[in-house]
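After the structure tokens below, expect a handful of questions from me.
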Amino acid sequence: MTLSPLGDYLKTLRAETPLVHCITNYVAMNSTANLLLATGASPAMLHAQEEVAEFTALSAALSINIGTISPHWADAMLTATAAANQHAIPWVLDPVAVGATRYRQTLCAKLLDAQPTVIRGNASEILALYGLAGQARGVDATATTGQALATAIALAKRQRCVVAMTGEQDVITDGNTHFTLAGGHPLMPRVTTLGCGLSALVGAFVAANTAAPLGASAAALACFAVAGQRAGNLAQGPGSFQVALLDALYQLTPDDLSHHAQLEALHAA
Amino acid sequence: MTLSPLGDYLKTLRAETPLVHCITNYVAMNSTANLLLATGASPAMLHAQEEVAEFTALSAALSINIGTISPHWADAMLTATAAANQHAIPWVLDPVAVGATRYRQTLCAKLLDAQPTVIRGNASEILALYGLAGQARGVDATATTGQALATAIALAKRQRCVVAMTGEQDVITDGNTHFTLAGGHPLMPRVTTLGCGLSALVGAFVAANTAAPLGASAAALACFAVAGQRAGNLAQGPGSFQVALLDALYQLTPDDLSHHAQLEALHAA
Amino acid sequence: MTLSPLGDYLKTLRAETPLVHCITNYVAMNSTANLLLATGASPAMLHAQEEVAEFTALSAALSINIGTISPHWADAMLTATAAANQHAIPWVLDPVAVGATRYRQTLCAKLLDAQPTVIRGNASEILALYGLAGQARGVDATATTGQALATAIALAKRQRCVVAMTGEQDVITDGNTHFTLAGGHPLMPRVTTLGCGLSALVGAFVAANTAAPLGASAAALACFAVAGQRAGNLAQGPGSFQVALLDALYQLTPDDLSHHAQLEALHAA
């Protein structure tokens, strides 16, 4: 299986400016909205049980991030994912720190049952998430995406979804076809909630390319990888990096993305 | 009716550094606080039913934004607006996405009953808000301020308040006297929650110019229009725009504002 | 008593990248996380009663900030401080606007009972906090750290903790040994929640230097004072100041900190 040129996915996103309903953590809300707007999507944040299903139904994608959950928010997430499924709206799960507490594990088990279209997490989160359905297992917070590769593939297969695992080298897989992606910059982990924003951006790309969630996910990660590299070249620290990243995402053209993304097919065991 | 030179309203704001109690959405909180501080006002965010009335009474203005409402927050908004009215403190309503869900419509109907001093919204929100008191009506999300002009004036008349409607061209009206305002920059809609911050800034201007809510609202919008234009000239994308906007608001002098604001009296039917 | 060179505390922070559990206000969350990451610590924000104790136990420090409290959050703060005490994890109290409402005063009295390792606040907050255990007293919102010096020392003695009082001139005291610290920049109060972020950074420094909370607190404040001065020299307003501050904290070396911090021993009556 080959993907379309990555720029094609960005072209449809820019043409459709998909509305992405984000139920995300407090830390990430502002930066997520700005990352989506800079790239060309339209974010909306709301979470009250009283309106969440009604609003999800109006959206082109739903992005769920469990960073600062509490009971009302967890309920809203489950209501929204049910609405997404009912209306065939793609949704993305970002299982922030799922290995850290039992509360997170319990909620993520329920969210997995609600069949995310894409799971976006780091290696530790992917390992922890996979363990939820089997026996409990320790989570190595310093796991690399290489160490977690087999688990990412197994998770995608088991959940019948795309897994987009980010780290120094990203992995994108639907369980059958796999890609690695290089790029980005060492300053990226020094800026908070970029990963959270990326999850919502995956939602935007999938919304604008519903027939191709694997390619759309790869294109979203590639935007961050290419724009992140450019921002890193201009930055003097994490403050100027944030500014340069938003500018770079805004300036990124479909051709840029197609030509500079370091995406490679991966032939895994 | 003629207004004072717009710079005069900024002069009083800078002299008084009014405390603006903001009950606003999670996405907007940080950027709203920074926009107020940059311009010369003093923001405070708190919302617990246990303290909200006590704090509103200490404030020079109250700014209510329904972006990420939930029941406790909605209750706090109603308590705070009642306290504002009791103590003759001006308050601003920002009816974010009021047309999107019934929950928002119900809350906004109650907030309208609490008699805002100023309503600040985009054309779609003004159209939706006006419809609340009459029959339900469809909301055109792509409405322009030109299309919504008559409705903005009718809303101001009916609610006996100022309506500050923002878009490519802003409209400010108290139902009898109307102004249009040009300026700003196409990057502004690519940065999240600038409108939310502007609503709170309207609160600050009205607090420092309580006898002249129409002129004060025009001056607040003019700050954004002039500073936004300058920031846009310096920016390379939405990241550098945000930085430049805060700097431009900080650097803006009363004379600048008076001379560069593109405010015009409007003789509407 | 003499302190180690201040750079030594930064060296240990960078080596250990301590995990700081922040239960802080909505306005400050994103900027606090970025300030910690830029300096070299690892932030985490979560607050649900269902997981807060479990997570505090995994952390190297806890930072509590009451800016946007509500009942569930207040309960979580008390649960988390109890967990911190049980596991001998240092914790920092930031009593935002404690003088403003009775609700804040009541919560802070309970938090004082939970024995913070460090209290970080401005002069008005330190005066109000001290008054809680005695008779109620008026709070002068324009108090300087000079006027509040004796109270800061008395508070540190009474609570057996470090008090880090910030303003134009900072004061750091454990009730017996006192220091003043100059530096920073007049733009700092024009950026929201820098003080909130500093409180969390104090937590990070204390976590990496558990045997020396007084020196660690001084080092945290000195980072802000030195980096703030540098950022101020580069900035054209509060927008570019924020960017430059994150870059300066990132670039700050232990030697820089030791050589440029304007810390002086204070011989108070």
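A, B and C are the chain letters, set down in written order, and residue numbers restart from 1 in every chain.
The rule is short, and it goes like this: a residue touches a chain if its C-beta (ideal position, glycine included) is under 8 Å from a C-beta of that chain, and two chains touch if they have at least 3 such contacts.
No experiment lies behind these values; they were computed from the predicted model shown.
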(message) For the chains other than subunit B, what are the connected groups under the touch definition?
(response) one piece
(message) Are the interface residues of subunit B and subunit C largely the same numbers on each copy, more than half shared, or largely different?
(response) different
(request) Could you tell me the distance, in whole angstrom, between the mean C-alpha positions of subunit B and subunit C? (result) 34
(request) Mind pulling the residue numbers of subunit B that touch at least two other chains? (result) 26, 30, 242-243
(request) Provide the residue numbers of subunit B that touch subunit A in the complex, in ascending order. (result) 25-28, 30-31, 67-71, 97, 100-104, 189-193, 235-240, 242-243
(request) State the interface residues of subunit C toward subunit A in the complex, per the touch definition above. (result) 26, 29-30, 33-34, 37-38, 43-51, 54-55, 58, 72, 242-251
